[in-house]
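Some structures are shown below for you to check.
One chain, chain A, appears in both complexes that follow, with chain B as partner in the first and chain C in the second.
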Partner chain A sequence: MRLAVSPENKPILIASLFVVAILFAGTAYTLSTTGTAPLLSPGYLLQQLQTGSFLGICAAGMMMVILLGHIDLSVPWTLTAAAMTATAVGGEWALPTALAVGLSVGLLNGFGVAFLRIPSMIFTLGVDTVLRGLMVAQTGGFAPQDSATPLMLYLAKERILGIPVAIFVWAATSIVIAVILTRTGFGRSIYATGSREAAAFLSGIRTRLVIVGAFVVSGLCAATAGILLAGYSAKAYQGMGNSFLLPAIAAVVLGGTHILGGRGRYAGTVVGVVLIVLLNSVLSIMQMPEAGRQIIYGAVIIGMLLVYGRNQRVTS
Partner chain B sequence: MSQPIVEYRGISKYFAGVRALEKVDFSCRAGSIHGVLGENGAGKSTLIKIMAGVLRPDAGEMLLDGRPVSFAEPQAAADAGIVCMFQELSLVPDLSVADNISIARPPRRFGLIDRRAQVARAEALLARVRCEDIDPNALVRELSLSRRQMVEIAKALGRDPKVLILDEATSALTARDVQTVYDLLAELKAQGVASLFISHRMHEVDQLCDTLSVFRNGRHIETFAKGDKSERDIVRLMIGRDVEAQFPPKPAPVPAAERGAPLLSVQGLAWQNRLNGIDLAVHPGEIVGLGGLDGQGQKELLLALFGVLRDVEGAVVIGGRKGIPGSPAAARSGRTRIALVPEDRKTEGLMLAMPIADNLLAASFARISRGPFIDPARARKAVDDGIERLRIKTGSASDPVMTLSGGNQQKVVIAKWLMIDPDIVLLNDPTRGIDVGTKQEIYRLMRELANAGKAILFYSSDYAELIGCCDRVSVLYGGRVVSEKEGDQLTEEGLIAASLNIDVEAA
Partner chain C sequence: MHQPAWKRWLQQNLGFASALLLLLTIYLVYNMLHPRGFSSAVAVQNANETAAIAFVAMAQTIPVLMGGLDLSVGAVMTLTNCIASEFVNGSPAEIVFGMIATLLAGTAFGLANGLIVVYGRIQPIIATLATGAIAIGLALIVRPKPGGDVDGDLGWALTNSVWDFADTYGLADGGDAWWLRPFADIPMPLIIVILVTVLVWVPFRRSVTGRTVYAIGSAEGAAFMSGLPIARAKIAAFTLAGFFAACGGLYLAIQTSSGNADLQQAGAYTLNSIAAVVLGGTSLLGGIGGAVASLVGAAILRVISFYFRILDIDPLLQPLIEGLVLLIAVSFGAIRTLRVKNKLDLFR
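For the complex of A and B:
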């Protein structure tokens, strides 16, 4: 009998299998070269999840926006701005300040997209650039001297029962997002709006508030990632979020969320993040030159999407 | 009897194991207008999609002019002279009318599209369908649904069909255009073109076709010449059982003086240049129809009352309160709740790719939630109730709503709104393109709602429906109510005359 997998879960299944395949391939490599299997040790995996948590939190917020058929390109500098203001403020107000930055950026993005009706790709790109200018102006172009607060260091680096705290933060964020998406009217409204905005609006869903809400969640997630990353690096620095934008989008899409919105499960995004983190890590363990890594990385994303896309044609 | 131009021999087609057509033998002669009847899901669409090269049969063969053919793609069928106009209009909204008409084979000059020739060609074809008023350079998105459909017909004509397939091609047309299409089909018939006509409007089929075929559950039931069977027999063939009276009985008319306070009263409603001072009142327990040609402001009126349009002027009193709601969200959750079944169920009524359950709940998240969280038990109960109340035929509520037939899709839209227990129900042509059985269920439901004290405002492009269902009908012309018909005045002639703004009674 054929195993019945719903179209929603198929990408998640494929991505999970691919994660296992990466681990196998990497282990086969290390066994053949050094005779050890470090990839399968809990220490290595926990460390990967710890670095993956920054990306995971960004991707969680990004998913909310992508489910609407929009995109948030302001994630890198929202993250950076939140981290830089947090370290600049310091003390116990550091975290609330960072979250406030994320909230404000989210509100601004939501306002521009939902009320001014500017395409999100343009508006969030503009906001990203403005934030970058503001940060450069604030520091005068020099690296900021402020360092992360003890709480930030704790969240990013410490361990509880041997498990990095950052993973708990990611897990908590994930639970919140998953509950929002599956168990609240707001979450269901995100799917409805992303699937067909006109029909959602005519069903009495306040689609503009839904859009603002999703961007706010994305901003808050980026800020949270900023807090953790600043703690991990012990300080905030210019461009610290730059390497998160494309992997975050890739993780969401690899996890089966439809880039045009309306479809996707949060579990997929988690698997997508793990896949990307492991792929990068295994490629660097294999001492693949940077050029080769980029090529494989891109090819994997395109290849996986091709696999998902098969059999998805609508017959009617 | 002339040689069949298209002949099916034992054609079967399955979708994911579900039978769409089962060993169908079917033929259609040149110089005939052949009506294909059947409920939604009977296999009519599959039948013509195979003919038009959109689908390939799983078994059996198709003969064209006596020779077996197999089309790899729609273009091959079109080249062989089989031209199809699908139910879902196939026009590109952001291209001009002329571009659309010549989209498959644009006239070229030096390898580039010859715009002037293209416009001239469009003008000639539009003249043939008597739509000289359509500007060939206008974008299709700017045209009303009925105009688009005429462009679609002009486009089909431009491909010199030997076999012309019209799938619900008249469902959005105005009375005048319908006549034009009839004339055109008669003309084509004289030229030896075979027309396959698929429509849910019985009187159209009856008026137009010379041969009728009935399909049911993927099988070809019977083909006969028009007039061989009574309308009642045909309906029985279609649904495989007897039908009761088409429209539910109306209650005795209430004299205007005794109606009491209206639930919805509209005075001097104006919006841009589409609504020019509409006066209207709907009382609890009443079904008020909106008549008139397509595009006379009926759609805008309903949207305005539902809070979709901005800057609407005029005095509106809803349930004793002045003012119209500011948004659909406000309309559905005010003290007097309003529901709207919109014009296009595929883009405005439903999130097609989403599960049936989510579509049903889309208007009621607040009602099934405790605080911010949805209560799964209440959600499930609401979904089950909705499916049961409207007898929606569905496998599982988690299937995407697009897997349902058109009639069942429309039931989902209606069930969604019944969940909020609306006081005023606005219906924009809710029976367009759906099967007879479902139509009757919708008529019955409307009357039940009215009897339960709801106020219903009902636009339909089908006069028979307005006459059969409504207590009163307000006929719109140029964004104004030009006539109000009730009781004995509610006749097809009366409505048509009023639609054209000619008052026969005054004469």
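For the complex of A and C:
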């Protein structure tokens, strides 16, 4: 009997199997060295998902942009700028300010890409550099002294019914993105624009506004991740977003989203994030040095894509 | 209609021409504003700071011409930088061996990139993202801690003027021969970059493989139907990118006399290389531009940072100004949207 798996779900299935394989390999390792299986304990898994939620939220926003065939390289400093302004403003206005930062960055990115038609690769890179400049000028290049507000601490660190609140935030973000992508006209327009913008335009979709919208979602997601990360470390610091950009792109692609746009399911991105988070945590349990981690990390991406991410040859 | 050749060249290379004009202007103004005026010492220093990013920008250009992107150039540069810091010392024969090994390592890594992209059929941007991580991992194995040892004479000779080069190795009467006079003050890094460009890039661009790279960037399907060697060109493009990145890594090792497997540095070089490519007038969509244009782009990026030294700008504002200049410079690309007659042409 052959299992029928649609091409859209194949990456998700394989990535999920790989997640299970990682868990087995890690558990086999810990059983053989210490005789315990911490990887399978719910507490440990929840803690991993809690730290993974920052990456998960970044990847959710990134996916919207990648579905259009664009990319958002401004995520690291959007995240940092949102966190820094939120801690600097403080009080009950901290969260709205951070989201406003994300919104404005998204609008700026969208304007540059959709209306000025500058390739997103370079425009968002420029925006990222400008944001970094603004933050360095603002903070003097040091970690700001302001600390996170109680609400930010709550969102990042507290638990409801034993489950970290950060996971709820990630879940809420995921539901919103999934609903947007599958149930709204905006979501359909994203897929259409990502497949072929000229055709989408001719069929009456206002593609420029769709692009702006996707970048705004990405900016908002980065800002949300910034709020959580600042709450998690109790303050904002320079370069706090640097380690999120490439893993976010990798998670989206590992989840089966096509890097040139038009194809991909949100569930895949979640699986991709879980894969990367668990891979990192198993490697750190094995006390793998940084060199080995990087090599394994790269090899896993290549290996997974060789299995299911291959393109058609261009022959016409 | 008959047009003068230069006029047609200008129409075809508008981006490159404006970048060149911009570079000449800002470099001229820089030298006029410089407190000590134009001198060989200033030129040597400027060339030294530009050489590594210039090589990495050239490396980035070739995949971009093909309509791809190589996110591993900074990492390959870092890897070769670490290899060079390990091997480029000892007897002259060992030094030469070390340099060749460094360049070969980078080229081999580029070849691997090309093979993965062509036979693995993975999008270049994501394949090189992954191989970049592998390169950093290998660099960390070669050099777990920053440091290293590069032959001092070589470091001195290659990072100063031609006269110092001849003086160090006792060539041309220790640099005082009459025929060397006119060239004595030219910075060595400039000569190295130009030599590599003329000996490697120009022949490549004129070869069938090189033309095919341009053709793939313009229309891959048409290139395939015309019987052009697509696979060979793609592999060659990434291999050459690896070679140029290795040149950058080797030069950085000679210049700093050390290697440093720094993830942040690798990322910064990769992103700056994309910026340099775009500033030089190469289209990220592929098919238009060239490595020489990227040299100009890289030089523009660097000259902007030279200004900070002489203009007494608050160091805290420098990253902001750098970012704004980059953003404004690339926004000039929006002029294209004003010339478009059919709105559908916007969506290419």
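As a convention for this text, the second predicted complex is superposed on the first by the 308 of 316 C-alpha atoms of A that agree within 3 Å, B and C clash if a C-alpha of one lies under 4 Å from a C-alpha of the other, contacts with A are read in each partner's own complex, and residues count from 1 in each chain.
One rule holds in what follows: a residue touches a chain if its C-beta (ideal position, glycine included) is under 8 Å from a C-beta of that chain, and two chains touch if they have at least 3 such contacts.
A quick note: this is a predicted structure, and the numbers were derived from the prediction, not measured.
Colleague: Could you say whether A:V89 touches chain B, chain C, both of them, or neither, answering first, second, both or neither?
Modeller: So A:V89 meets neither chain B nor chain C here.
Colleague: Of the two partners chain B and chain C, indicate the one touching more residues belonging to chain A.
Modeller: More residues of chain A are touched by C.
Colleague: Considering only the touch criterion stated at the top, classify A:T129 as touching first (chain B), second (chain C), both, or neither.
Modeller: In the superposition, A:T129 contacts chain C only.
Colleague: Once the shared chain is lined up, is A:A137 touching chain B (first), chain C (second), both, or neither of them?
Modeller: Touch status of A:A137: second partner only.
Colleague: If you stack the two complexes on chain A, which partner ends up touching A:V253: first (chain B), second (chain C), both, or neither?
Modeller: A:V253 sits against chain C, while chain B stays out of touch.
Colleague: Just checking: does A:M121 make contact with chain B only, chain C only, both, or neither of them? Give me first, second, both or neither.
Modeller: After superposing on A, A:M121 lies in contact with chain C but is clear of chain B.
Colleague: If you stack the two complexes on chain A, which partner ends up touching A:N242: first (chain B), second (chain C), both, or neither?
Modeller: Second partner only, chain C.
Colleague: Give one of first, second, both or neither to describe whether A:I227 is in contact with chain B, with chain C, with both, or with none.
Modeller: Neither partner.
Colleague: Looking at the overlay, what does A:V277 touch: chain B (first), chain C (second), both, or neither?
Modeller: In the superposition, A:V277 touches no partner, neither chain B nor chain C.
Colleague: Counting only touches as set out at the top, which of chain B and chain C does A:M62 meet: first, second, both, neither?
Modeller: After superposition on chain A, A:M62 lies in contact with neither partner.
Colleague: Same chain A residues contacting chain B and chain C, which ones?
Modeller: Common interface on chain A, chain B vs chain C: 198, 201-202, 314-316.
Colleague: Can you tell me which positions in chain A touch chain B when the two form their complex?
Modeller: Result: residues 179, 183-186, 188-189, 191-192, 195-196, 198-206, 262-263, 314-316 of chain A touch chain B.
Colleague: Which bits of chain C are touching chain A when the two form their complex?
Modeller: Interface residues on the chain C side: 69, 116, 120-123, 125-127, 129-134, 136-141, 144, 220-221, 224-225, 230, 264, 267, 271, 274-275, 278, 284-285, 316-324, 326-327, 330-331, 333-334, 336-337, 343-344, 346-347.
Colleague: For chain B, which residues are in contact with chain A within the complex?
Modeller: 15-16, 306, 308, 327-329, 331-333, 340, 342, 347-354, 358, 361-363, 365-366, 369, 372-374, 402, 416, 420
Colleague: Across the complex, what residues on chain A touch chain C?
Modeller: 73, 112, 115-119, 121-123, 125-134, 136-137, 140-141, 197-198, 201-202, 207, 239, 242, 246, 249-250, 253, 259-260, 289-299, 301-302, 305-306, 309-316
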